[in-house]
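For reference, chains read A, B, C and D in written order, and residue numbers begin at 1 within each chain.
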Amino acid sequence: MKIEVEDKESNSHGNRLAVMLIDVQESLLAGIKNKNKLLDALNILIQSTNFFNLPLFVTEQVPNKLGPTAQSLVAELSNIQSIAKSSFSIFGCAEIREKLFNKKISHLILSGIETPICIYLSAIDALKAGLEVTILSDCIGARRTDDESIALSKLQHAGCHILPLESFLYGYMGSAEHPSFREISKLIRNR
Amino acid sequence: MKIEVEDKESNSHGNRLAVMLIDVQESLLAGIKNKNKLLDALNILIQSTNFFNLPLFVTEQVPNKLGPTAQSLVAELSNIQSIAKSSFSIFGCAEIREKLFNKKISHLILSGIETPICIYLSAIDALKAGLEVTILSDCIGARRTDDESIALSKLQHAGCHILPLESFLYGYMGSAEHPSFREISKLIRNR
Amino acid sequence: MKIEVEDKESNSHGNRLAVMLIDVQESLLAGIKNKNKLLDALNILIQSTNFFNLPLFVTEQVPNKLGPTAQSLVAELSNIQSIAKSSFSIFGCAEIREKLFNKKISHLILSGIETPICIYLSAIDALKAGLEVTILSDCIGARRTDDESIALSKLQHAGCHILPLESFLYGYMGSAEHPSFREISKLIRNR
Amino acid sequence: MKIEVEDKESNSHGNRLAVMLIDVQESLLAGIKNKNKLLDALNILIQSTNFFNLPLFVTEQVPNKLGPTAQSLVAELSNIQSIAKSSFSIFGCAEIREKLFNKKISHLILSGIETPICIYLSAIDALKAGLEVTILSDCIGARRTDDESIALSKLQHAGCHILPLESFLYGYMGSAEHPSFREISKLIRNR
């Protein structure tokens, strides 16, 4: 439930985290409510993922039609190869399934768009595949905010952990003595 | 949980869907909050049901007193015979029970009005009858919006899946390669 | 879950309902948010209870200090003897426990004030005593609305049915052919 | 579920309560939404804890950097030694764990800041340690109110009791005949 990771790769419970950034493409972002706040939060998430040295996967929905991941995030993602998919759930994509399997990921941290579509369908499939799922409430977005809250409520009932980014970051660090504490604090100070 | 149907009639889990449009009659619509948005969503639902070739049932509450289904929906429903009922739950009506039984329906997708009355009572009866129940949050309506959200919360705790229409449509299609993807996208574009 | 009563005294599942009207005294009403709406809903509840011939219990918190039940409700309650209590939960009062036991009540319908205090504590005690509990969301009130919604959410998680009055009334009647349907419809028409 | 304590130290179920006041330091309070309301509620909580003679623990996050507990609370806390911690969860601090263990505490009442960080992480750890956890909804605070409600919803699903202060106080007293009833009523009258 709580995000607990004692070492970078896997914790004492054999829990191996991966962060998923799903379909944050300009053309899909266009209609998203509060998209600037979302991009700010995603920037903090990506930088934190780097500090924590956690695996990060980036997906793009039919990128040859919908274009690449948003420019404002790309700088932080420079050495990451995004994965193209046409299924709405990330589990409809064999490449992603294999990567998660090969890295023995047991707990997915989901972010991106849209909550009631690709996030929802990916999360349900992840639960079915036996993974633990955390959805970062301020790192996801939707065109229709009512749909978003309905989908989140359903996901919580289905067994996902719905948590704000800060709960994840502080839970991961555990203490003000964590080596990344200063950097993370700085990122969060002006939210 | 997720709507998963591999072929039109029944999926690999033997899951057979039917869409129910409950009591969308002008006289009942009169007091419904946001009724134009509701009718727009119902129009998309009915057209999608046609694209997906899913069984659709239409009920009317005491139609000889309350009149027929709303005119703006009737065009899309031209070849469907609506079913008259006097019970508030659709399961109080023998004709509906028989039709669901004969078609071996195992999962109902509910839409229509009013959420705390006919939708609520039908959903609880459907659960008792062992059916899976999905309620489309933007395809239902009520005169009193507080009552609606209380009823939805209860229905979620009782075991119904409460989902927005788009989660259903995209979950049903699974991928941008689904043959109806273009048509569905077009329907949704200007919401 | 659904309110199902086939005959007036007890249904086929041996379910015996009683309606509780808790502490609706002028001095406590003074600070209640939306108290006029609450009184209107309580009036409909009391009249419906009469139509349905259901047992109704009325409690008053330390009435020699806080005064009697609100004047606007008393007309409908003319032949009912209210029960004085000093405990916040109705189950702290031996007289109420005995009456519920003697009438073999198995399902309480709760209304009155205040949601986070006497309603909350009574509902939890009722669950502990093995009773089914329905709380009518528009027939309860509180001085602090945030406290009310927190308490209701807790009560739902604890196992109470939280439902609007109309879900109860229509669920009880079952069909437009119920003998009280006209009267109930009339009561509700102008809400 | 309900707060039930028959005698001051432990009730018939062997339930031993302690109230935790977490990190209410000026520097952390600065960004908290509705901080004056929070401080008012905390003042009532602390005074009630004194009336009820319940154990109260006060923690401070890295106090040599972030300073002591807020001045406006200190008067009521005069004879309590606060406990310094650097972990975000109170269970990361050996001194607190030992005190809870030595006092055989089985049920924690949590208050303080911030809900999605130290409150959230402490509550999850308390559940893991087998303690019952009540979080007082109006005695906690956060910089970001959306994060707070997401964290509270998660905590409720995880098994914490989320209750307003008044539900706790009245549930603890049980009846208007409790010796502290007058004092508690006075504290609450003007909220």
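The criterion applied here is as follows: a contact is a pair of C-beta atoms (placed from the backbone, for glycine too) under 8 Å apart; a residue touches a chain by one contact, two chains touch by 3 or more.
As the structure is a prediction and not an experimental result, all values here were calculated from the model.
K.L.:
Along the graph of touching chains, what's the shortest path length in steps from chain A to chain C?
P.N.:
Between chain A and chain C, the shortest chain-hopping route counts 2.
K.L.:
Return the chains common to the contact lists of chain A and chain D.
P.N.:
none
K.L.:
What rotation angle superposes the Cα atoms of chain C onto chain D, in degrees to the nearest 5?
P.N.:
90
K.L.:
Over half of interface residue numbers shared between chain B and chain C means same, under half means different, so which is it?
P.N.:
At the contact between chain B and chain C, which are copies of one sequence, the residues are largely different (under half shared).
K.L.:
At what distance in angstrom does the C-alpha mean of chain B lie from that of chain A?
P.N.:
32
K.L.:
Please work out the Cα centroid separation of chain B and chain D, and write it as a whole number of Å.
P.N.:
About 45 Å separates the centre of chain B from that of chain D.
K.L.:
Which residues of chain A are in contact with two or more other chains?
P.N.:
Within chain A, no residue touches at least two other chains.
K.L.:
Thinking of each chain as a vertex joined to the chains it touches, would you call that graph a line, ring, star, complete, or other?
P.N.:
Basically the chains close up into a ring.
K.L.:
How do the chains pair up in terms of touching? List each pair.
P.N.:
Pairs satisfying the touch definition: A-B, A-D, B-C, C-D.
K.L.:
Which residues, counting only chain C, touch chain D once they are in their complex?
P.N.:
Touching chain D from chain C are residues 61-62, 86-89, 92, 116-118, 120-121, 124-125, 127-128, 143-144, 146-147, 150-151, 153-154, 157-158.
K.L.:
Across the complex, what residues on chain B touch chain A?
P.N.:
Of all residues in chain B, those touching chain A are 1-2, 137-138, 156, 161-164, 166-167, 170-171, 173-177, 191.
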